[in-house]
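Alright, structures below, take your time with them.
Shared chain: chain A. Partners: chain B in the first complex, chain C in the second.
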Partner chain A sequence: MTTTKTETPKLTGTENIKIPYYPGCTLKTTAKNFENSAVAAARALGIELLEIPRWNCCGTVFSLTDDDLIHHVASVRNFIRVQEMNDYGLVKNENRLVTLCAMCFNTLKSTNLRVKNNAEDLKKINDLMYREENYGGKVEVLHFLELLKSLGFEKIRDRVKKPLKGLKIAPYYGCMILRPQEIGIDDPEDPTIQRDLLLSLGADSVDTPYKRVCCGSYQTVKEKNIVAELAYDILSHARKEGAEAMATVCPLCAFNLDHRQKEVKASHSDFEEIPVFYVTQLMAIAFALENECYGFDQNYVDPRPLLASKSLIK
Partner chain B sequence: MQENRSPIMDRIAEANKAATTGIDAKDIKDWITIYIMGKAYTVPADLTILTAMEYAGYKFVRGVGCRQGFCGACATVFRKKGDYKLQTGMACQTRAEDGMYLVQIPFSPAEKAEYDITKEPYEASVFIKYYPEVTRCVSCNTCTKACPQDLEVMDYIQAAIRGAFDSLSEVSFDCIQCGLCAIRCPAEIVQYNVAQLGRRMYGRYGQGVPEHLRKRVKEIAEGKFKQDMEKIIKCSTEELRKIYTEREKEPE
Partner chain C sequence: MIKKVEITPENDKFLNKVNELSGQVVTLCEQCGTCSGGCPLVAEMDITPSQWMRLVQLGLKEVLDYKAVWVCASCFTCTVRCPRKIDVSKVAEALRQIILRKAIDYIDLKAIPKEELACLPQIALVSACRKFTG
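Moving on, here comes the complex of A and B:
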């Protein structure tokens, strides 16, 4: 699929899937480019990501403490909102809840697993929320990448109008969509889901062992330099393997790999900046969608020169 | 002096009289016992908490204002007989019930940030800067349960976290700043001050200037009311009073 297409191909059976979508706080603030590009790319594939009404923060981090149920309330309340979407007919018999942010995905799915496997916990949480309808444990938390995979990467390939020919991208996974294994969406040691997506967009996928190494996560708040060191390892390795840019689905990874390049440059004179994309931005480009949904202003390292050099944008 | 008072002042004075003034105990058929700060008082049934407390001998200097459920001054915490739940309400709007334990919380010692909205970016970060505790919200909804205005308090705090100034303003619009949400919140969030910051930002940056206001400002600048104003300035006190009492009023 290397020729530029002029017509939107018909995607039989996939038009107008309406699916509850959980954005999370970061996608409404510092990662608007992730949300805008993903929503637009999904729409191009005939999927409408329907933002769940009255959603609340997922809880940010899944609490591992045995008896700390209060920190699971937030996630469960969002599952009740998905039930309500079905009750009110916003969606039909659709218990899947799609997330984009890897952190939200991890928190929501971990909580869901805990309450599904522990009726007593669920009862306590339902009792605390006596004003809400009970959560029945039916919601299925899904990452956007999983949704794409279930659609079939072939379908995505069919939708590409501007193949990302010659663009060498290193997919980076981080922790949150891979670990722990019970909730992970791919092989935690050798994930391939982003590679498959990138290939369907016509890009070259560059594999590096650092793709699943932690980016430093929230250490970035207090220990900038530790995170900068991790970013240096991850990014310079990808460069060495020939990558021209990175791809991710986590706003925190994106922050640590992209924005922390400022600190990396300060401590490593040999370091060469490298753009970090949300993989959905790359979808939007390959689908030749509107410029506005790319949101490159929020990227720290401007990817536009690279894209222009490949004639992917003007 | 009395005859010089405007009718509106009389109405305010009338409204501020305790409802029970001048009632003879022998005319009252039904009595209830309430516990104010733990001490039992026998008061007539069918009073509000506020008037029941006044009947019992409390005189309010703080902790009361409008008596209409608008000012938020009379916040009260109570527990009903045989119920473990701590409840909240406005004393002027809540009926006293037999066996009720209650105390007034006329003031919440709450953090109130100082800021200059003209110097702040119209972004969620403004909440994190002045009220960082908003991110501690665990979505327990305790604030919503406490709100005497039946506002979805949790929803507007969540709107603040994600910078949704419009829905924050809409959902919190009827807040009377009673402080009851804040004293119940396990995350020590000062919901009503967060909401006020949000509404101020929305008013300045989000909402835009409404057309009728733009028009009126223009009229004023062009001197539409100049003559009338000059006339008023020259009026004697008596004439002014007459104009005031005969002015056009909004229908009640």
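Moving on, here comes the complex of A and C:
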């Protein structure tokens, strides 16, 4: 299960990569702990996540009807901002756009694919935004996990100062970084990318088949009890497999699995609370970064007692 | 129970509308049930995904009276598993859009309790608005 150690040279701190970064709305509010920990962890790896100037909402969900072009405009506008970052010299020949939020990732990548494959659609959208420069279709939408993978998990292992020894984490992927297949960053049925990251941090990765089962997504607004039932299945299976905490990269999954534990407890007396981390919070701990970037006060189930029991925090 | 269905031009029109909106050929569905078997939300639905596919194939507008497509969370599990490569999520979206484009909302935003609004992440609220309001 562990990746073999290769002869990769260690990071010197001089090879700084500057890369356009799209935060999205939720990373600035309820998932500020996700952004802070990711930006700090990236910096520790020599990657500067440069926030796109004047970014706007991506639309949150990719419009699935064929005749609906107007809802793709918002995403495309963000791609134009990436082009401008290159034009103004904020980045050098860097067409990659990195996202942390899984929903933004899915929406942006799906839109990008649609306009790259349909010249007519792209022209219509470009013509509509007559005050903007045209989008040339060069941007590549990446999820932060993909960026880490391209860097190499060995490099991440080399940066670890406080291995998460004995911490049993069940990675949860949800939907938006896995499906549909042409958008997903990993095997939609048996993803491993978070497992590889967790192993490089020194944690134990606990596998459950629920790792790619939907948490109910936006149904949490209207049908929170449906979401609580799904969360119960996902979390109690992880517990049964020996997990002490969950890891995710989606702020909506995090809300449904973490905050909805209040509803889960109300309907299932046997349920035992389980902390839900953003995987980047675990990176920040393993890299021994400043406490300020952890943001555990935003987690619903406080993970600090668990971390303290493993001597990972004081 | 045997139900006699007469396929009229009106039924064809409805089927074609769903095909056009979804970009899918719904008649390719062979009713294997893989979508229903893997759907994480099927237990909460009044008809299964394969049932709504069948109703659309027959051009039966009564498919719009069921709650199922509103329970769908667009998780794309059916999409990646369909052996006929039909994007069932897109068919669900087309059915929702047929209602929403008549300016009929599925959610009453004013009914969301204040304490919920205070804690829900924006992505939840914006996506619910995108999926449930016209």
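Note that in this section the second predicted complex is superposed on the first by the 301 of 314 C-alpha atoms of A that agree within 3 Å, B and C clash if a C-alpha of one lies under 4 Å from a C-alpha of the other, contacts with A are read in each partner's own complex, and residues count from 1 in each chain.
Note that a contact is a pair of C-beta atoms (placed from the backbone, for glycine too) under 8 Å apart; a residue touches a chain by one contact, two chains touch by 3 or more.
Given the structure is predicted, the values throughout are model-derived calculations rather than measurements.
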item: Partners on chain A (chain B, chain C) - clash or fit; value: fit
item: Angle at chain A between chain B and chain C, C-alpha centres, nearest 10 degrees; value: 80
item: Touched partner set for A:128, first chain B, second chain C, both or neither; value: first
item: Contacts of A:112 with chain B and chain C, given as first, second, both or neither; value: neither
item: First, second, both or neither for A:29, with chain B first and chain C second; value: both
item: Which superposed partner A:218 touches (first chain B, second chain C, both, neither); value: second
item: Which of chain B and chain C A:59 touches, first, second, both or neither; value: both
item: Chain A: partner with more touched residues, chain B or chain C; value: C
item: Distance of closest approach, chain C and chain B, by C-alpha atoms in Å; value: 6
item: Where chain A meets both chain C and chain B, residue numbers; value: 25, 29, 57, 59-60, 71
item: Chain A contact footprint on chain B (complex, rising order); value: 123-125, 135, 137-141, 144-145, 152, 154-155, 158, 161-164, 186
item: Residues of chain C that touch chain A when the two form their complex; value: 20-23, 40-41, 44, 71, 73-77, 79-80, 87, 89-90, 93-94, 97, 106-107, 112, 116, 119-128, 130-132
item: Contact set on chain A toward chain C in their complex; value: 24-26, 29-31, 57, 59-61, 63-68, 71, 101, 103-104, 175, 179-181, 184, 188-189, 213-214, 216-224, 226, 230, 251-252, 255, 259
item: Of chain A, residues touching chain B in the complex; value: 25, 28-29, 54-57, 59-60, 70-71, 73-74, 77, 128-129, 131
